[in-house]
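Look for chain A in each of the two complexes below; its partner is chain B in the first and chain C in the second.
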Partner chain A sequence: MGMRRRSGTFVLQVNPILCDGFGHCAELAPELVKTDEWGYPIIVNEPVPLANVAAYESARYAERGCPRQALHIQRFSEKKPH
Partner chain B sequence: MIALTTPYLWYTTRATGMVTLILFTMVVALGTLVANRIGGTIVGRFEVNELHRSLTMVAMTFLAIHILTTVLDSYVPTGFISVLIPMTSQYKRVAVGIGAISFDLILAVWTSSLLKLRIPNTTWRFIHWFSWLGFSAAIVHGFMTGTDSRKGIGLIVVMACASTVLVAALWRFFGRPTRAAGRTALSPLAVTSGPQNTSGSPRPAPPSRPATRSARPLKETRPAPATPPSKSGPQPSSPGQRPFPTSPLPKEKKRRP
Partner chain C sequence: MIAPGALPRLLHAASDRPLTLSQHESAFGASTLSNSLLEELEASGLTGRGGAGFPTAQKARLIREQRGHSKFMVVNAMEGEPASHKDQALLSANPHLVLDGAEYLASIIGANNIAICVARDNPTVVNHLERALHERSRRSLRGPRLELHTPPWRYVAGEESALIHWLDDNESLPQYRPRRPHILRIGHSPALVDNAETCANVGLIGRYGASWYRTLGTTENPGSTLVSVTGAVERPTVIEIELGTTLRSILHTAAADPDPAAVLLGGYGGTWLHARHLDTPYNNAALKNLGVATGAGVIVVVPKGACGVVETQRVVRWMANESARQCGPCAFGLPALAEDLTHIAHASRDAEVAYQRLVERCGVIEGRGACRHPDGVIRFIRTALEAFETDFSTHTHGTACAGSRATRHFANVPSLEREDELIWE
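Entry: the complex of A and B
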């Protein structure tokens, strides 16, 4: 896979139309996702730096583990203001 | 071709057929557990899902051995074509044909699941419904062709598998959950730990929610600004009153002019 780019940030995004509240993302990425009282995800708003490898791995697990494919990792380069 | 005339291929076919049936019973039952939102207390829901996915790989391996040994074996006349196309086998035409139908359906479900990240989720779901049909065909195939499944322990195993999946199907149909069945106990909010929102997130929590339910900031987040934040992040700056703190997916962005 080579070297992963460590610069920039990412945000885990949920498509609320696809989401059915399975709650897998909250289990797989607990540092990024909370659930509301109906089981739907509340995701950390702020862009997380890609240097936070653990959070990024969690986000990837959550993206892969979502039964409805409702999650998407949006990456941002550092040039954009945030 | 001495090796292909040994009876061990035939024994392997019979044994792996039974094992494959048991494994796919477990796979279907686990899939029902995932769909009915079981787990989250002792075992995580994602763990049930991962077990469902992993066990599918084991079951597909046994199915491949089952089919390969059947075809390679010279004891019963079946051809490579009859693996995929039904009603082409000389040996037990209907029974092996039903097995071919089952294999086709299982192959479709498996392939679509392997491509799950690349195909629309509705497509995957539509194909995934056919796993019930594939399993039913597998049960019929096992009972019709089965050398062992007509009597004794083999019959008991087949009946147990059939009844297990029947119960799973009834449970799936009648006990299907509402759209969201509550949070799982593994999610950190269920623990109701206090130290949240101490350093503050740049975006204030929506006023409809209590402050404890807002996202706990990561270590890397910047400290809270003293003034009300004017955040011009990469996301489209949405007001906090939205029910979901999300920005639209980039696909929708591209489609819109």
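Entry: the complex of A and C
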């Protein structure tokens, strides 16, 4: 455990072909996912800093909790500006 | 050889019958493969004619760099756009120029297979290609294998991942590609997909070189291109023009209404342009500033007096029905957009609410399909709202304009099929 300095960002991505639109992910990761009027997820598409631990944890919950395995966390490593 | 700067090029020596291989070779000269093809292609500045307008050399280089003993060159002559007829015109004039280009591209990427894809609903073109392939089969046994494929005609069947899916597994359904660029594969073999007209341009560049190619067009958008002009025209035509010709002069050449209300550019996944911009050069460098693009070379002319709302609504309704229904935002979103447009077209009491909802829904749906089909529809709607601003405002204020009751329409759509009648395999 302990505090690790995390650099870089992530986005949560959905495969719209697999997604069934029951909106489970919006409950598991409310800070990242809203649903549209048909129940399909609208995911924050700007990269979120990995340092935002709460958001990253939610994304992991959603990724694991999606019944269709339609979610995927895409990480981006970033060179830190000095 | 075709003189530098002369038009037509792609339709050179065309008559009402497709050129035979020997006619083609005496008109264009024999095709020979050289080692500097990719450099010539790069120097030519050719961009794709299938819609996206991406540099052809860059796409070819990406596939050339992929490992694998077996690769595919795929010629996309699916022509899913209902208002586009240019691939048919090209293949009816000179299939061998397209096949030459496909062979050049195959040699660049190292492909041992060339798949030529034409919708089976177009028997004339299928027939022309069968004959052309037969002529070639008697010529030599070396080189990549040429094979004709005939998927069903659907709007999205020509989308590259849907086309590859069909070649791989007989289903014309787009694939999910989270990261771009994405290497499409048939089995394990990397595949390059290029539009038929793009291939024909490569057929010219491979013979005559990049500097010859650049004797038409501008530095940024060199060469010539085919445009399909329909709508308010004496009769629908396909003409070859130099890139950078003004829209006004294209309309003139095509004998179209010289003083229309607006033109649709690119196709039904394309963009509307108000007629006040007709003096703009027809190329992406100039059109980009207006938020529009040449797309697949479609020009639909809509005259004054026609109702832009109804034209838009009919197309969107058809496009919604052509969704492959794999993705929620597209399967549910596009019919919802069509319904909003229907309310506006009828100038019903809630037309103004429908207008607001339409704009919001466009923002919600954009970018959320596995393929760009919904994004094309949204581009089409957003530019319609600008080009037909007056019509939309008349309708949202509760009056259906006179044009909306006319029975003649300009952006023609095939009749709607029921969902269970749609064929995907």
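In this text, the second predicted complex is superposed on the first by the 73 of 82 C-alpha atoms of A that agree within 3 Å, B and C clash if a C-alpha of one lies under 4 Å from a C-alpha of the other, contacts with A are read in each partner's own complex, and residues count from 1 in each chain.
One rule holds for everything that comes next: a residue touches a chain if its C-beta (ideal position, glycine included) is under 8 Å from a C-beta of that chain, and two chains touch if they have at least 3 such contacts.
Keep in mind it's a predicted model, so treat the numbers as computed, not measured.
Trainee: After lining up the shared chain so the two structures overlap, which partner does A:46 touch, if you call chain B first and chain C second: first, second, both or neither?
Mentor: first
Trainee: Considering only touches as defined above, state whether A:67 meets chain B (first), chain C (second), both or neither.
Mentor: first
Trainee: So, A:28: does it touch chain B (first), chain C (second), both, or neither?
Mentor: first
Trainee: Given the touch rule stated above, what does A:55 touch, chain B (first), chain C (second), both, or neither?
Mentor: Only chain B; A:55 stays clear of chain C.
Trainee: Comparing chain C with chain B, which touches more residues belonging to chain A?
Mentor: Tallying touched residues of chain A, the top partner is B.
Trainee: Touching chain B in one complex and chain C in the other: list those residues of chain A.
Mentor: Common to the two interfaces on chain A: residues 13, 15-16, 18, 21, 36-40, 42, 45, 72, 74.
Trainee: Tell me, which parts of chain A touch chain C in their complex?
Mentor: 13, 15-19, 21, 36-40, 42, 45, 72, 74
Trainee: Can you check the complex and tell me which residues of chain C touch chain A?
Mentor: 175-176, 178-179, 326-330, 332-333, 336, 364-365, 367-370
Trainee: Under the touch definition given earlier, write down the residues of chain B that touch chain A in their complex.
Mentor: Its residues touching chain A are 34-35, 37, 40, 44-46, 49-50, 116-117, 121, 124, 179-184, 186-189, 201-203, 209, 213-218, 220-222, 232-235, 243-247, 249-250.
Trainee: Touching chain B in the complex: which residues of chain A?
Mentor: Listed in rising order, the residues of chain A that touch chain B are 9, 11, 13-16, 18, 20-24, 26-28, 30-31, 33-40, 42-49, 51-52, 55, 64-65, 67-70, 72, 74, 76, 80-82.
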